[in-house]
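Right after this note come the structures.
Both of the next two complexes hold subunit A, though its partner changes from subunit B to subunit C.
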Partner chain A sequence: MATETETTQTQAERDQSDDSGPFQRWVSGSISEPGRAYRPMFWLVTVFFLVTTLFPFYWLFMVALTPEGQLQNVVFTPNGFNPGVFIEIFQILPFHRYMFNSFVIATVTTAFVLVVASLAGYVFGRLRFPGKNPLMLLVLLVSFFPPAAFFIPLNDLFNTNFDILEPVLSNGSLYNTPYALVIPMSALFMPLAIFILTTFYSQIPDGLEDAARVEGTTRLGALFRVIIPLSAPGVATAGVLTFIGVYNEFFFSFLMTDGQPQNWAPVLQGILGFQGQYQTLYNAMAAASIVAVLPMAILVVVAQEKIVSGLTAGGLKE
Partner chain B sequence: MSTETERHERGRLAPVVDWMENLSEAAYAYLLLIPAFGLLTLIAFYPMISTFWMSLLEDQTRGAETLGGFVGLENYIGILTGDARLARQFLDVQLTGSFPFFELGVGFFQQALFVTLSFAILNVIFTTLIGFGQALVLDKDFRGRRWVRVAVIIPWAVPIVIQGMIFYLMFQPTVGFGADVMNALGLFSATPLASSQDSFFILLIADVWKTSAFMALLILAGLQSVDRSLYDVAKVSGASTWQRFKLITFPLALPAVLVAMLFRTMDAMRVYGLIESTAGCTTVPSMTCMVIEGMFGGTRIYGTAAAVAFMTAAIIGVFISIYIVKFRGQEGGVY
Partner chain C sequence: MARVTLDGVTKRYEDVTAVDDMNLDIGDGEFVTFVGPSGCGKSTTMETIAGLTIPTEGEIYIGDREVTKLPPKDRGIAMVFQNIALFPHMDVYDNISFGLRIRNYEKSEIDRRVEEAAEIVQLGGMMDRMPEEMSGGQRQRVAIARALVREPDVFLMDEPLANLDAKLRVHMRTELQRLHRRLDTTIIYVTHDQAEAMTMSDRIAVINAGKLQQIAPPLTCYNEPANQFVAGFIGSPSMNFVEAEVAGGRLEAENFHVEFDPSTTDGIAPGDRVVLGVRPEDIYLERTAEGIEYATELINARTDVLEPMGNEVFVYLVTGNDTETSMDVAAGEASDDQLLMNVDPDTQIEAEEDVSVILDRSRIHLFDAETGDALRHGLIDVASAESGTPERGVGDSD
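Up next is the complex of A and B:
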């Protein structure tokens, strides 16, 4: 009913101002119907957000295309055109090896975190036992501390030679192995995964789990065959967040290897590797950065729907 | 079908499975928590305790031993009074008799506590506002929403070292245009990355650029769980757009906003990688910077560095408890 009167009003308004200019018509139209004014405003805001988020990438691309030595005041266009830099970065340094290292580390960490956090999330989300809240707070406590607070003892620990590890690792110490990154980062990103999975697992109706148990499934079987498959969006969200987090992490990636690609140095060290002692190849750093961001961009394109719906369904609702 | 495989598996593992089936709920809970807490103990709790012990020991800058005897809270007192041998002071304020009753020893942006606190507070304010704006845009239905959403989220997926490099290059006078533009406007000096104050704002812009997306993501999740029929009701009863925002969107999204702010605060207080890859820790000292400088800077002040690490955690803890108190007042908080 309300809409009906509104439209007739607008119609009258339009007839009245037929002889005025298009702008005047638009103004009087927006006064009588504010919804119309919001639309251009909405697009204006959207374009503003798009420009501000994407411009740094565009600019980085321009820097990459500018040949070395001509980097002065690059704004909207490159000074020169040198697309060959995207091949050079793989020749100057084995940049693909750094990327590979990062991928292996991020994948292993994500898989490990998902398994361990699933067990913990199941416990916190579905079981009742004394000491539940203090234990959850203890998990959250980990995120208060700067990673630096863990570093010295861990560094000592990873540089100690353990005789037991001798057959697996060349000198029995974890430094310069992927484990030196996987282990601390698993601990670092586990609290978030536990919290996401806890909320997801707690939402599965008890009846489904009971039915599986009556059918003769073991306790662990019920978790892995009923609870986890039913919370697939939550598991995907936790997995994607962990993967991106590990790939982007700075502190341990910077300090836990000596920066050599054969010693499992991650992509961060590859980008910094173009910073030589005598000259810094800014264009190569820019090109390497673009190459390193691409997989994350693809992951976001593929997973964004999952991430948002995952957070909606579990993470933040009561 | 599943029972058959079950039986098959049970062959060898039967005793273990039976034992697990017969545990009480609490015992089973503790059993499943062992892997998570085992890892956290090894990687987080043990190093934390060990670092805490270090923070109570004297710095030993000479000799083979890296730490001296037990000095109690002396390191903490040294840090708070500006007597610590840090490259940049954590806090350097003298109390005076006249207004405004205190005096800064060194510049505001050269004291780690002020740098970190103002960075965190400004960062959270700006990312919340911008993130809320972005979330409101992404919550609408329009053609191409999928791609706008991707574009808004992407900065968040950028590795810190790349984020730092983009803004480093932009404000590097020989490469980027940022330094020239800002200098022409009279806002920054000619070499902004060498000035503490200018660098602080560059870092702030860089971090707001990246982390607004994270805020937008979490707030969007909150907005999407708002029941759409509420808006129809509001429309029928004649609520204006502003009233709809004030009475429906805002209160219902508030818990999500608070959770997002909580995570953002914790992160912003631990800022380090961004600083290291742009202006450097000497120009803009954050609290984590102090820890790293103390540990790896060659000055061998391990005790003090450990104490700074613990003070950082304590300050983060204070902020967290503020949020938790706020949560209690809210309905539908997460915990």
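Up next is the complex of A and C:
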């Protein structure tokens, strides 16, 4: 930061030969040539964001590499070198099972959200019926509540045994099943997905849907064969946001299972699993965090183009 | 191929009636055009036939089947849309074969039909292009091919040429006529362009404000319009209308009169208000009026603006003493002292010139001033008609 200010000042000094102070000269130079002020500000802000977002990861990596019990004086370098921790985390706990659980839960939730939100988005985006706007507001209202508000009644519900569920679930209750996570998280992420898809589907010209229907599809067929393919950036955005949201979710993930991998505990429980009653394996927790983040990072990099065009554009030309 | 019958079809929205008691009987293999101004309900009528809109009342039959509530896919129709509506994410082959693939036709059959349709509309070798890589005319041909491969009973075309440039429009117009001759399928065509309607159709259905005004062959609509709206809508430039009062032996307009015996026509009595309609090409300068058998008396007028079109010249005439150009002419409104005349390009005529014109009485139409209904076509009194040209009254149309 300091170096950048200095360079601009020296430039200003070179340009200015009158005897006003250096700051005054810098200001007047910036006014006559705004790029001189914008360039250092751009770098300042960029470096700030890069440091605040990436440095924690760097530090996480250093903590992971530091052997257990030597976690003093870790600032820029690890205190020792133990890359084996990235193997150990799968040996101490079945961390892969936790990841698998999270993947299944996130995938099922995303698929369910996309199917239901597509139908809802079609209705809200393309049909006219009385009470549409109030109904849309009602749906969005769900996303205004803090998830904690739903937790106690849902937890109570999921711990209740229903005879009717006996054939599907061992004891008739949803606790310790993936459904205990899929159901509330679908509800939480549904409004956002509906909102995104409504916007996208409403922009597909009526003529295309009419053409598909005249050619021989039903309304539903037109949705899946024409409207959804043309709204791919929107569907990708809604899907990725839901997937990442569910994968990273803390509250329900922490409380809707007992934390055992065979009971569909998600990756969060896997990371916390390295925190025992008598001992906390910080290096393993750090390594597990990094491993858990990688799939999301890859997903975002792969889907980023679609997400960006989905979040910004949304305009489709015929 | 099939007949299409509309029986009392009405479509009401919350505040407007888009289609009002539409009764149509379109024959097998016929080319019928719905024509009317924007928002007159012609597209809505077509949508009810397509099944994209369900009528509030009335029934629709295609062939012998009642299809009023059937979804579009079960009606045996194909449609070409105003905005072309090709699927942007599919190439030409996929667009054309879309309907066949939905219906699970065999691959060989799909290929055969796509090839045949592409040949008809001359799209060979473009099968793997995307719509965005094509010109407007090519896209339109793909849209027509998409309709062709389905081998539908009825073709619906909703202003298919509206988005094309003028030259291409005329070209596609002749191609569509050729297509109709070759396929011999029932075609229903919607347009607001009366020239398209006149040139292509077997019959024209003129629609205004949701109501069917007249359905007849193009020349019948032109020569014997059923009412003042049809008379004004068909023909370009539009027919002149002048209000007149029926008096004994003549029609009194504000600035001139026309000999007419009211007793020869039912429903007209002295004292009635009527609207006299005459097309620009049926007004003649006195000096070129030789050979007009049933001419009116001379009408004094002053030329206002001349519009030379190359093959003809439109002359705006102001009748009567008030030669000041009134502002409502500029706004395109019909005015009682305005007449539009059509003369040969080599006629010696200038702006601001006093001239005498005559009207061809055999080509004058009379409309009821209140209802606009046609009362009479041609003002040749039975008594004064010396020979030949028979009276053309309303209802005599073939």
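One rule holds for everything that comes next: the second predicted complex is superposed on the first by the 266 of 318 C-alpha atoms of A that agree within 3 Å, B and C clash if a C-alpha of one lies under 4 Å from a C-alpha of the other, contacts with A are read in each partner's own complex, and residues count from 1 in each chain.
Quick note on the criterion: a residue touches a chain if its C-beta (ideal position, glycine included) is under 8 Å from a C-beta of that chain, and two chains touch if they have at least 3 such contacts.
Note that this is a predicted model, so its numbers are computed, not measured.
J.: In the overlaid three-chain picture, which partner chain does A:P205 touch, first (subunit B) or second (subunit C), both, or neither?
T.: second
J.: Quick one: is A:I271 in contact with subunit B, with subunit C, with both, or with neither? Answer first, second, both or neither.
T.: After superposing on A, A:I271 lies in contact with subunit B but is clear of subunit C.
J.: With the two complexes superposed on chain A, say which partner A:Q91 touches: subunit B (first), subunit C (second), both, or neither.
T.: In the superposition, A:Q91 touches no partner, neither subunit B nor subunit C.
J.: Classify the contacts of A:A117 with the two partner chains as first (subunit B alone), second (subunit C alone), both, or neither.
T.: In the superposition, A:A117 touches subunit B alone.
J.: Which partner, once the models are overlaid, touches more of subunit A's residues, subunit C or subunit B?
T.: Greater contact footprint in residues on subunit A: B.
J.: Check the residue A:G221 against both partner chains and state whether it touches subunit B (first), subunit C (second), both, or neither.
T.: A:G221 contacts both subunit B and subunit C.
J.: Look at A:L230 in the shared chain and tell me whether it touches subunit B only, subunit C only, both, or neither; answer first, second, both or neither.
T.: In the superposed model, A:L230 contacts subunit C only, not subunit B.
J.: Taking the superposition as given, does A:V293 touch the first partner, subunit B, the second, subunit C, both, or neither?
T.: Touch partner of A:V293: subunit B, not subunit C.
J.: Tell me which partner A:L50 touches in the superposition: subunit B (first), subunit C (second), both or neither.
T.: first
J.: Can you list the residues of subunit A that meet both subunit B and subunit C?
T.: The overlap between the subunit B and subunit C interfaces on subunit A comprises residues 215-218, 221, 225, 318.
J.: What part of subunit C is in contact with subunit A in the complex they form?
T.: For this pair, the touching residues of subunit C are 50-52, 71-73, 77-79, 81-89, 98-99, 102-103, 146, 150, 156.
J.: What residues on subunit A touch subunit B, complex-wise?
T.: 2, 34-35, 38, 42, 45-46, 49-50, 52-54, 56-57, 59-60, 63, 71-75, 115-117, 119-120, 122-123, 127-130, 132, 135-136, 138-139, 142-154, 157, 183-184, 186-188, 190, 194-195, 199, 215-221, 225, 244, 247-251, 254, 267-268, 271-272, 282, 285-286, 289, 292-293, 296-297, 299-301, 304-305, 307-309, 311-312, 315-318
J.: For a test of understanding, state which residues of subunit B touch subunit A in their complex under the given definition.
T.: For subunit B paired with subunit A, touching residues are 2-3, 6, 17, 20-21, 25-26, 28-30, 32-33, 35-37, 39-40, 42-44, 46-48, 50-51, 54, 133-134, 137, 140, 146, 148-162, 165-167, 169-170, 174-177, 180, 209, 213, 217-218, 220-222, 224-225, 236, 238, 240-241, 255-256, 259, 266, 270, 272-274, 276-277, 287-288, 291-292, 295, 302, 305-306, 309-310, 312-313, 316-317, 320, 332-335.
J.: Which part of subunit A faces subunit C closely enough to touch in the complex?
T.: 205, 207-208, 210-218, 221, 225-226, 229-230, 318
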